[in-house]
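Just so it is clear, A, B, C and D label the chains in written order, and each chain counts residues from 1 on its own.
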Amino acid sequence: MRNERTTEEVALGIRRRVFEHSMRNNGGYLSQACSAGEQLAWLYNEELKLGAPTLPMIPKPFEGVPSPSNPDYHTGAGYNGPAAPEFDRLFIAPAHYALVAYATLIEVGRMAPEGLEMFNKDGSSVEMIGAEHSPGMEVHNGTLGIGLSTGAGLAYGRKRRNEPGRTWVFMSDGEVQEGQTWEAVQAAAFHGIDNLYAIMDVNDQQCDGAMSSVMEVGDIKTKFRNFGAACVEIDGHDVQAMRDAVAESHEGRPLIILARTNPFHTMPILEERFPRLHYVRFKSEDERARMNVSIAADLGVEPVDYSH
Amino acid sequence: MRNERTTEEVALGIRRRVFEHSMRNNGGYLSQACSAGEQLAWLYNEELKLGAPTLPMIPKPFEGVPSPSNPDYHTGAGYNGPAAPEFDRLFIAPAHYALVAYATLIEVGRMAPEGLEMFNKDGSSVEMIGAEHSPGMEVHNGTLGIGLSTGAGLAYGRKRRNEPGRTWVFMSDGEVQEGQTWEAVQAAAFHGIDNLYAIMDVNDQQCDGAMSSVMEVGDIKTKFRNFGAACVEIDGHDVQAMRDAVAESHEGRPLIILARTNPFHTMPILEERFPRLHYVRFKSEDERARMNVSIAADLGVEPVDYSH
Amino acid sequence: MVEMVSRPYAKAFEAFAAGNPDILCLSADLTSSCEVDGFRDRHPDQFLSLGMAEQNMMSFAGGLGLAGYRPFIHTFGVFMYRRPYDQLMASIAYPRRKVRLMGFLPGVTTPGGMTHQSIEDISVMRSIPNMTILETGDATEVESICEAADSIDGPVWCRVLRGSVPRLFDTPIKVGEMRELSSGDDILVVTSGICTEEAMRARSALAKAGLSIRHLHLHTIKPFDSKALLDHIGSVKHGVITLENHVTEGGVGSLVAETMADAGVGKRLIRLGLKDTYAHGGSRAYLMRYYGLDALALVKGIEDLTGQQFGITEDDLDAARVEDVHSLVKAEAL
Amino acid sequence: MVEMVSRPYAKAFEAFAAGNPDILCLSADLTSSCEVDGFRDRHPDQFLSLGMAEQNMMSFAGGLGLAGYRPFIHTFGVFMYRRPYDQLMASIAYPRRKVRLMGFLPGVTTPGGMTHQSIEDISVMRSIPNMTILETGDATEVESICEAADSIDGPVWCRVLRGSVPRLFDTPIKVGEMRELSSGDDILVVTSGICTEEAMRARSALAKAGLSIRHLHLHTIKPFDSKALLDHIGSVKHGVITLENHVTEGGVGSLVAETMADAGVGKRLIRLGLKDTYAHGGSRAYLMRYYGLDALALVKGIEDLTGQQFGITEDDLDAARVEDVHSLVKAEAL
């Protein structure tokens, strides 16, 4: 399923979809497509070893929350293929990146474009904050900071079962403010969980703005190393740097890749919204129109006709 | 109230009291007296600026938990003197160090020796796990890892009110496993809470044994520094080192002193119990008798007559 | 047509807090989502950013309380008790610190799904000694929540509505009281929060069906005046029905059940709400319909209680308000 | 004289878990305090030390569940839901992971004071969808708790007794059932956990006073068979009384209240337990007396319910067990 297109092309495709979606909906998690486009493209297009999807290309509607009376319940993990021993697993820890993750699934041919049209629609499984039952998701991560622990537990279990597949966690930098993240790294290092991999979108942003203005976190790389992980810091828009980073030897330790990113990469006009980039809702029709034209040009597409 | 005796003498006095108590009760938090004796002695005998106690030398019985229908409720903070702007405040974060803290209060003349006889007795306020209403305590810290945050909040508030008094937190190394500790340091650094001071008993021990066997924590000093604190590591049995450490400049940052200690300092026979030192309950009358003779000799006292 | 008030909390909090040196505005990286961005910008000295680190925030607030401050903590309700529950217990509730816990997006008022929906907070808070619980059901209550909360000598849990909020009442919250919205004698309906508006929507249709409804709205859930409730229960013939934006275990339904059982009241109670289930993401109206929290669910519950069918359909209920998902009064995203 | 069993959990867990490759023993630095030190030493390969970092432990256990393991988590109950409540919710309860939460030192069975006493866990767990709640009241139940918990297709909250535990029953826990310990027709007494022994202590004195008690012991609190309870309530004349090692809001008392109110039962309920209060530290017997959780409190409650005075004093109650604080069966310290 991979390599029909370059990862850079997939990243561009992701951004085009998220852009179009945000224009039509008068807002969206647009900046996360800027920062994380390459990371998710790289994971799905190159790095993850995944089987063919086991769920329909057009997502089924929401079918109920887990409960003893809902025996047919299943998560959205089937979009990543089966949970077989040889395959990798991926958690999107900051669940608000779901829009970008869905766009990625489409770009790599794991979900039909119609899936994105169901985004945040009542009765749809394609939820705004990625839910367990949303395409590509396997657990609920809307409460930030729990994802790495889950990944560590799964990876430890798989290691015990001698499964060759790796467990990956896509993280956000906001998560390092949560104490649990540090507990997770500490435990993963202590138990030698080296089949655990994380890549973190270090965009220096959180809901209230620049992280340094909300709660300074300092040098994340040194922190992760001090807590026992192997950690490599790269330019998060440089795909080759990702390829190199994952080759870092980390026996007995989880590997965490810090992808330093620009929250308006490829969409420079978004800088106007700095430092409030977490969710971009257009403040006026004028702004919407200007951004439409500007970003469309940047991404090499026609402006979106959102009037209808 | 200070300096009638040297801090070393106070530390010895603390150990003698905890020893005697543990012998009589067939067990106790004995190792914590070995490791933390100097730290608590130094705080109370030299470093803390405290007013005269406002509560009776012989602790009152338990008078009810806080509730709207208990208007006379008060904490045990009065043993540290009044909460006046110029005075320091102290939290014993690992509340199981209470026995050592009570012994310290006695040694510095803030509580009558009878107080220790009430330890863990039904209806007494001198609780085994230091409670808010226990002598010298101002908050509940039996759930570990919350103490530094409370200290940070109080220190921040006092700074806002231009109070010259400092806020001190006595911590244990087990607490660094809890994520909250890292959230606290991060916040204290971010808000420039430099009237916050901590001294941590780094005895390398926790309930299950040596920390490296339970959950490795690595280089605590570097971690604290990376999270934004000023941090000095010293020999926790060297009082002069404490005096020097507290002089460390730390403008805009909390100061954390790591006191590296020996969990059987002054009571070498306790090493027999390694690696289970958290709570020493004698396994046999023979062991009790041997330890009685050995530790008494080490501390320069007569063996305890615990038969009656 | 009901008056819609835009961002009542933003204005009310600023009016109440600004300039009061003992009140601090704490926030956990959801400042604009909790409508205190204007306050932050205009009163930076009273604003304290604690980042996405809720555990520390709660114990820190406890420390501030010890220093004589009355912190108003702002975040989504769910992030104020699940992540930092231990801290809420030990650093705030036990010592009765005057911390005002402003929990936004109660129950299904968020499309964020299970991680964002505080569906069992009232149950949790009810079993915490020393806790006071207030819940807002309209703009007037939101406007008066700061003053009400700050009148309490101890911690206060508040369920706060944000964005565009209907005005249903014209008197502020009086802590410890309950609102008697109609005084019928067939059935007692007890609601709180956003469910009160639902019950009001059903009112005329039920009246047309010949049913005399006594309707109570609770803004104070703890402490609770069970004597007053018992008097109301005594005034109706058939029984009691509760409707709440919360699971049916431990919330208002259970509170009413306890009151009835303690007194040996021999009337039936029907407890409506999330029936021991999590919810998913979606618009409020959709979720209220899906999980049976709306006017229609109430009507069905009343049919069950009375054993009658009224043939009331959606068309007979007063028009549901349709919220514009992208209206500007809504804070960014979540 | 009642048989006392020493450390029943230690033996039962080892017998149940050892050699089962899908069962892992997780611990949070309270291994000997939870009686799994022997298991750790003899089966290190099935033992996982997660240190004093409960939040990670819970989500980690969720991950293990996803990998097909059935983790048994051991720590004091209070540290298994207060510090890591969010993780329990999102990583374990929602996805129905087969995680067995072995909570030691329920309620006032610890001298550790408010930070160590899980006094509202049942209320919290009852309002969590998908949760099963079991509570042990004697050695036989402790011996059967592992098997009972592991039979559940989802997460299970267990209140586990440790140390020296009386044997009151001779049949194992049958999940979903309740024990009928006496079949009188005056008053229904419903107890769980350590309170059942208290109610049994009062039995003969009450019988002598001419009172016919129907006594139910609950080991399964959720899911709950309300039909069976209603039948029992229907069989008594005067009313119902619950006694639990828990606050009176949200626990067994509320469960019974809900059952009664839902059915419109016109009998009185008296809910005994910690009356919306925290507790302090002390011996179990002392705390049970102080907070009204013991046999004498039950007798007083029954006097209240019946409006009669029986003149029963401590001397009339069967001898309370006095536990040796320093007995060797007790784990170190806490």
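The rule we apply is simple: a contact is a pair of C-beta atoms (placed from the backbone, for glycine too) under 8 Å apart; a residue touches a chain by one contact, two chains touch by 3 or more.
Computed from a predicted model, the values in this text were never measured in an experiment.
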**Asked** Looking at the contacts, which chains touch subunit C and subunit D alike?
**Response** A, B
**Those chains which touch subunit C and also touch subunit A** = B, D
**Prompt:** Taking mean CA positions as centres, which chain lies farthest from subunit D?
**Reply:** A
**Prompt:** Using mean CA coordinates as chain centres, what's the subunit B-subunit D distance in Å?
**Reply:** 34
**Message:** Based only on mean CA positions, could you tell me how far subunit A sits from subunit D in angstrom?
**Reply:** 42
**Message:** For subunit C, give me the residues that contact two or more of the other chains.
**Reply:** 50-51, 53, 55-56, 82-83, 86, 90, 94, 114-115, 129-130, 277-278
**Asked** Tell me, which residues of subunit B touch at least two other chains?
**Response** 65-67, 140-143, 177-180, 183, 186-187, 190, 215
**Item:** Chain contact graph, described as a line, ring, star, complete graph or other shape
**Value:** complete
**Message:** If we count contacts the way the header does, which residues on subunit D are in touch with subunit C in the complex?
**Reply:** 81-83, 85-86, 89-90, 94, 114-115, 120, 123-124, 126-130, 239-240, 247, 249-251, 253-254, 256-258, 260-271, 274, 276-278
**Message:** Could you list, by residue number, the parts of subunit C that touch subunit A in their complex?
**Reply:** 27, 29-33, 49-53, 55-56, 78-79, 82-83, 111-116, 277-283, 286, 325-326, 332-334
**Message:** Quick check on the complex: what are the subunit C residues that touch subunit B?
**Reply:** 48, 50-51, 53, 55-69, 86-87, 90-91, 94-96, 129-130, 153-154
**Item:** Interfacial residue positions of subunit B with respect to subunit C in the complex
**Value:** 65-68, 75, 132, 138-143, 146, 149-158, 160-161, 179-180, 183-184, 186-187, 190-191
**Complete:** Per the touch rule, the subunit B residues reaching subunit A in their complex are 177-183, 186-187, 189-190, 215-219, 222-223, 226-228
